[in-house]
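These are the structures in question, set out in turn.
Look for subunit A in each of the two complexes below; its partner is subunit B in the first and subunit C in the second.
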Partner chain A sequence: MSADDAEDASGSRSIPEWSESAASRIITASAKERIFISFAAFVASILVGSVLVYLSGLVVACEGTSLFFGSCYDPFQVYYYLFVDPFIGGFNVALVMKEAVLLLFTGLSVAVAFRAGLFNIGSQGQLVVGGLASALAVLFTAPLAPGGVAGTLVLVPLALVVGATFGGVFAAIPGALKAYADANEVITTIMLNFVAANLAFFLVGTYFQDPNSGSVETRSIPAYSQLEPILPFFEGAPFSVVALVLGLGLVGGLYYLLANTAFGYDLRTSGVQPAAADYGGVAAKRLVVSSMTLSGALAGIGGAVYVLMVMGRYRTGVPALGFDGITVSILAGNNPLGVVPSALLFGVMKAGSLSIDFSLGVPKQLVGVLRGLVILFVAMPEFFRMLARYTSFGPDERTVAADGGDGDA
Partner chain B sequence: MSSLAVHLDGITKRFPGVVANDDVDLRVEEGSVHALLGENGAGKTTLMNVLYGLYQPTEGTVRLNDEVMDFGSPRDAIDAGVGMIHQHFMLVDPMTVTENVVLGNEPRKWGGLAVDRAASRRAVVDLAETFGFDVEPDAAIEDVSVGEQQRVEILKALYRGADVLILDEPTAVLTPQEVEELFGVFEELTAQGKTIIFISHKLDEAMRAADDITVLRDGVNVGTVDADTTSREELAELMVGREVLLSTDKEPVERGDPGLSVSNLTVRDDRDVVAVDDLSFDVHEGEVFGIAGVDGNGQSELVEAITGLHATEAGSVGIEGEDVTDESRRKRIARGMAYIPEDRQDRGLVMDYDLVENGLLGKQHDPAFAPNGRIDWEETYEHTADVIREYDVRPADPSASARSLSGGNQQKFIVGREFSQDPDVVVASHPTRGVDIGSVEFIHDRILDLRARGKAVLLVSSKLDEVQSLSDRLAVIHDGEFVDVVDPAATTEEELGLLMGGERPDDVATLRAGGDVA
Partner chain C sequence: MRNPSTPVVAGAVGGVLVLLAAVFFTFVVPVDWMVALYDQLDTSLLSAALRLTVPIAFAAIGGIFAEKSGVINIGLEGLLIVSAFTSIAVAWALQEPMGAQTAAWIGFTVAVLASTLFAGLFAVVTIRYEADQIIAGLAVWLVALGVGPFASQIVWESVNSPAVPTLGNLVVPGLVEIPVLGPAVFDSNPTVYMMLGAVPLSWYVINRTAFGRWMRASGENPKALDTAGVNVGRVRYASVLLSGLFSGIGGAGLALGQVGQFIGSGQTMVSGRGWIGITAYLMGNYNPVGAFLSSFLFAGLNALQIRVQQIAELDIPPSLVQMLPFVAVIVVLAIVGKTRIPDAAGDHYESGDD
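Right, the complex of A and B next:
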């Protein structure tokens, strides 16, 4: 019987040794290894995607001749347009940068909350509130402000400050609810997204509607209060170098804040080990509110930039920048510096899928699948790392830590 | 003599840097109740996790009814008739008692497609009747008492055919009445041939409910005794041990003003039970005030209330005459209160940070380290390197992660960090737990050094020799109250053992008067 038992025992071990070690290697990887893992995952996603493109091309009927070994879609061409074409020509690059810059703000917003151990799913709502508030602030202040360059210098900073303030306050609500009423921030931030979108729709539709427009949107803000491309290279594109500089400035600032300030130390410590943060004198409740406020302010600035740089007004139906920010942040390992390449990758793929749409007969949905594959492959290792923090799948030492606490009662 | 239901033979369980169990033998007779007694971190839970298949032993064998077992997972252990009831119940709150009991092994009907609810209910009712359990099969778990939830957990194990039941600190979550009920359940179970092993650190409970008691200390089995013939005193001694009495040269220090004053302090624990009951005491400058007691008698709550990590129900805490009851932890740190927490891996260190970042913990708002909120990393590095050098932390590498250090080195680092900033008041909770003997001496010297420099030191420990040799005055805590405050030099370990068990001082005095204690 005991022999049988032994066999049963080995048979019932659900996780094979090799996968366990691979998993723990991903979890304990150093920064350099993580970059390598991300790159390998990126290449793997392209290989898998190519097969998918090729196979899809086999089953559809082409107009004209087959392009690639009997398939209607050429994987090389598809990936060329997805990743290379966006870098050709000023307008294309500007499209990439526009998307990337907007995602810098929401990516940072989500990242800062993550680092504090908070899941801010509400960057979208905070962006909407910040965007609307900044558009209205500009519309109402413009008549009082000077025109021309002086107007730009007054109105743009004003819009950014108002966007940050309103986004921040809107995020402080779920922060306070979590700190003082123990309400799960995931639920409250998700719900507040709907509140924000519908509130904006109501306010714009009822009070601030542009009478000359069929869609629900405010009047245009004056041209001198909009962010212009500045560099002739980007002429005509909804992208401004100013916004890029602002975004990169915030990346650097936030990195410095987390790494080198007492507040950043408190925030990070609360994120990795709340009990130790309490011990170290961090006021947990205040920190939840302040880090949510910071997170919301970043999203709110994103909203303001969206208004100033892209739309020139507030229009309902804001794209899902806040939600993409979640993926951008995870892809970046919630590191402010990592948000830059991560947002850039998103921008490239966004612009790339547009050019595929223009140039190739490949359906949008298939391109969506390819983008999804890239994100899935690249984000997965990071996702597992995050998961390992919260579950028992971590490396062995965690068991000891858990065991050391066995006598808590 | 009946046969052995469980025989753990030479179990050693090592984790990286820690030996949780060291060559432990455990023999449990069939149909008996066996208590596994020991301080926190003595290795009780680890040993039971080995028996339950959660851990595989590094060395040694597990035998059930004389057959060698090789458990790869709890599934194997359950199949072999071992059931474990964890301290935190694993029940689905909105589901009924019946559903919880059968969960995962539901009786089926329609060729296995549907759960046979009638059969499930019948099985649970039958089982409850067999063992005389009082459970309501159709009630939702969230609506029944904690005691009943525990019985449901036991039923769950029995339903899966358990003959050996392991209960991890089963009384920790129960009210005194529920504890009585639980012990009644033990009797029913053993009457029907089941074997019970329960983990505890409470002497009284072990003596009341168990037939045999095995005491673990620092991962070693220090003795198995018969519950009927043992005494509290003997158990307390086994648990806390009598290590080599350290020769601590305590020079007389003039006692100054009260550095830390606690008056009428009442604290409730997380279960809302009064854990610290109207305690008052002063710790003077140049004094070590010791608090001895068996773990779980309110020490943790007392210490956390003093240090600002736990809300107080009533009473006040003062530092050098100033009331700090309503002040935050951060303010108390700024006022010069150093704190060595009992749980170093949870509170004292951020395991993912390196030592430099850990050197900053608690000092991140100190202008010396973070002027204007900006961290001076160079200063922090220097400070950390000093602590490492002075307290002989190994590896002597400030960039090593806290996780990579052994428990003893982690502790030395915390002690060094907390003592280095010239604190006025020191609260040390189990400062030498899990630390090797050489470091123990070193830490003791540092504590006496603080005393000599006129600091007020509150020392909480369950090691008798430690509190006895370091303290100027020694309070014995039991059930949230001081049983007595004694002069440690004039009190024997036997007397302390009795006081720790909750005997009133008068009885102890009688005993003392009655002559030699056996």
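Right, the complex of A and C next:
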């Protein structure tokens, strides 16, 4: 309660402060506790997911003779296909890696905003805008650029830069609206997701439609501008080691930026203690805009990679990578390094969702449910603290007490 | 307690929207289009706007109850999704044995219960287990966004349901004869009447009853309420459950009062109405009447947008006009800006006596 009281003392509260107080509470938990909470939240989600799968199996009709306690779906089998099957065979592993790499970008995007005390729910829209812009940039410059390897060296960096720029600018809008007009960024970013999807649909459908295609998509970009699998092991799947290296490079860069630079320090301080940051001379408004821009740029790069590595063009109906990024980031404790295992875990589940659908007939939308459950459980650390108190597992009492545990240890 | 600048803000917002519309119709849409557009402003547009207001206004009213008591419920969108799915699933399952209308009403009731239950879960998570309200609210939305299509796949083997008959219109004899207003309002879906009743009722509950007083105290100064001997937790539980009840009516109103189908693709059929509801009550400064009027504004824009798509000679790409309500929400949020939210909203309150 002491932490809450301190926040009350800062005077009149406003909508934008929602996020600041929310972010600070998660950030102030100790690293050990955060890992415990993420792990426990994940296990809890899996347990709740099993119950859901079991109950769903009671509803659906199936021919099979081997029912699992009267249910068509055996939760153990479902989780085998969700977590183990994706690792069998080079092609499956490549699918996992493809999803994981894409989630690295959106996960980092959400994480960097979160660390600044901002909820960027709009990574999805920024990814769409960045992806479309990069596809168009490649399509329009390809005739001027050299072919072959030289073309790759020109067009791929160009696509990434354009994607980052457009994603960043698109995210700067809610950033500026928050900084200068106090418009709550949760709602504006969600609205901008709708705007981005409609805008992309309009632009592609009206001006950039591939005349030979029935779906709303641009012409495909030249083969030499696409990120192809280099290692023979991953042959045939849309996964490129170059994208992985790029993603991991951004993880390292962002970690360094947050931990070792003045900008990173200001950003983190604003997230944890906005009043202190303001007192310390941080230009709060500009920082809101710049951290949102950085967040959007990361999502925009994700969009560019999606175009270069997966689709080879821009096609409307981009998968919900931005929403998955929220879970990836929250599960990672909003730490850039944590995003790596977190994105990998979700990559496995995304790839696994295809096999549960294909092999067992369990809807692949199960992953969407788990995505929400994980956030729900991470949001309630108190639940696990109470659980830990009863079972004597989990972090020791001192860590709990240090985090405003109200002295009831 | 009430912000004295509300009429000014509302006026400014209205003014800017009118101005934007004027600019839009002068420079973007030529004059002869305006004539075609003007022809659209009729009673059936008003009636469509009212129908489209239902989910937004109910979500907004629900949001007011929760936030006034100190629990920010940004999961309204999720509650609408849960309710919309449940109402269609139940109505679909029961229509054979019970007849379409009975089944629809049972579906409606069960959906409101489901939404209230889901809100109850959110209440336990935030009040009992002290979860961060914003993140838990996002989780409520994302869980519903996952469960809706998943359950739809289980029941119908598709993210979209088959069509289900909607609740039949209710005609008020006599009043329906009033010119313009009569056919627009008094020949409406039952959920529209519910909305028109819920707005003054919730205003009364919030401002003129003991429960309303406790609720506001619980959001502004929970310690004082605790000292006065009222259980803060219980008041907050009740308020969050009420937000689930209202959102439930909104979601079922959308599904059974209007669409007659569950659509689970993309952002589901709810597609942002819960978020627009939040904007509506911020714009209405936590007053149910103001929230209703703001909801009506957004819904009216949406109704007009749907109309405009159907005018063949205009030939405006639908995806472009569909953006209009979402852009309007952003503009409104930017203008309304800092609203005065309840002092203790977002904070966990722990009574000293346990």
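General remarks:
The rule is short, and it goes like this: the second predicted complex is superposed on the first by the 289 of 409 C-alpha atoms of A that agree within 3 Å, B and C clash if a C-alpha of one lies under 4 Å from a C-alpha of the other, contacts with A are read in each partner's own complex, and residues count from 1 in each chain.
Just so it is clear, contacts are C-beta pairs under 8 Å (C-beta built on N, C-alpha and C of every residue); 3 or more make two chains touch, one makes a residue touch a chain.
All values reported here derive from a predicted model rather than from experimental measurement.
Look at A:Ala283: by the touch rule set out above, it reaches subunit B but stays clear of subunit C. Legend: residue contacts after superposition of the two complexes on their common chain; A:Ala275 is shown touching subunit B, with no touch to subunit C. In the superposed model, A:Leu373 makes contact with subunit C only, not with subunit B. Greater residue coverage of subunit A by touch, when subunit B is weighed against subunit C, goes to C.
When the two structures are aligned on the shared chain, A:Gly205 is found in touch with subunit C, with no touch to subunit B.
Shared-chain residue A:Tyr265: touches subunit B; no touch with subunit C. Of the two partner chains placed by the overlay, neither subunit B nor subunit C lies in contact with A:Glu33. In the superposition on chain A, A:Phe194 makes contact with subunit C only, not with subunit B.
In the overlay built on the shared chain, the residue A:Thr327 is in contact with subunit C alone; subunit B does not reach it.
For the contact definition in use here, the residues of subunit A common to its subunit B contact set and its subunit C contact set are 1, 8, 12-13, 406. Contact residues on subunit A toward subunit C in their complex (touch as defined above): 1, 4, 7-8, 12-19, 21-22, 25-26, 52, 56, 59-60, 119, 121, 177, 181-184, 186-188, 190-192, 194-195, 197-199, 201-202, 205-206, 323, 326-327, 330, 363, 365-373, 375-376, 378-383, 386, 406.
Residues 1-2, 5-6, 8-10, 12-13, 260-263, 265-266, 269, 272-273, 275-276, 278-283, 396-397, 399-401, 403-409 of subunit A touch subunit B in their complex. Within the complex formed with subunit A, the residues of subunit C that make contact are 72, 74, 125, 129-136, 138-147, 149-151, 153-155, 159, 266-267, 271-272, 275, 278-279, 282, 317, 319-320, 322-323, 326-327, 329-330, 333-341, 343-348, 350. By the touch rule above, subunit B contacts subunit A in their complex via residues 15-18, 20, 39-42, 44-46, 67-73, 75-76, 79-80, 87, 169, 172-173, 201, 295-296, 309, 328-330, 332-333, 339, 341, 343-353, 357, 360-362, 364-365, 370, 373-375, 377, 403, 407.
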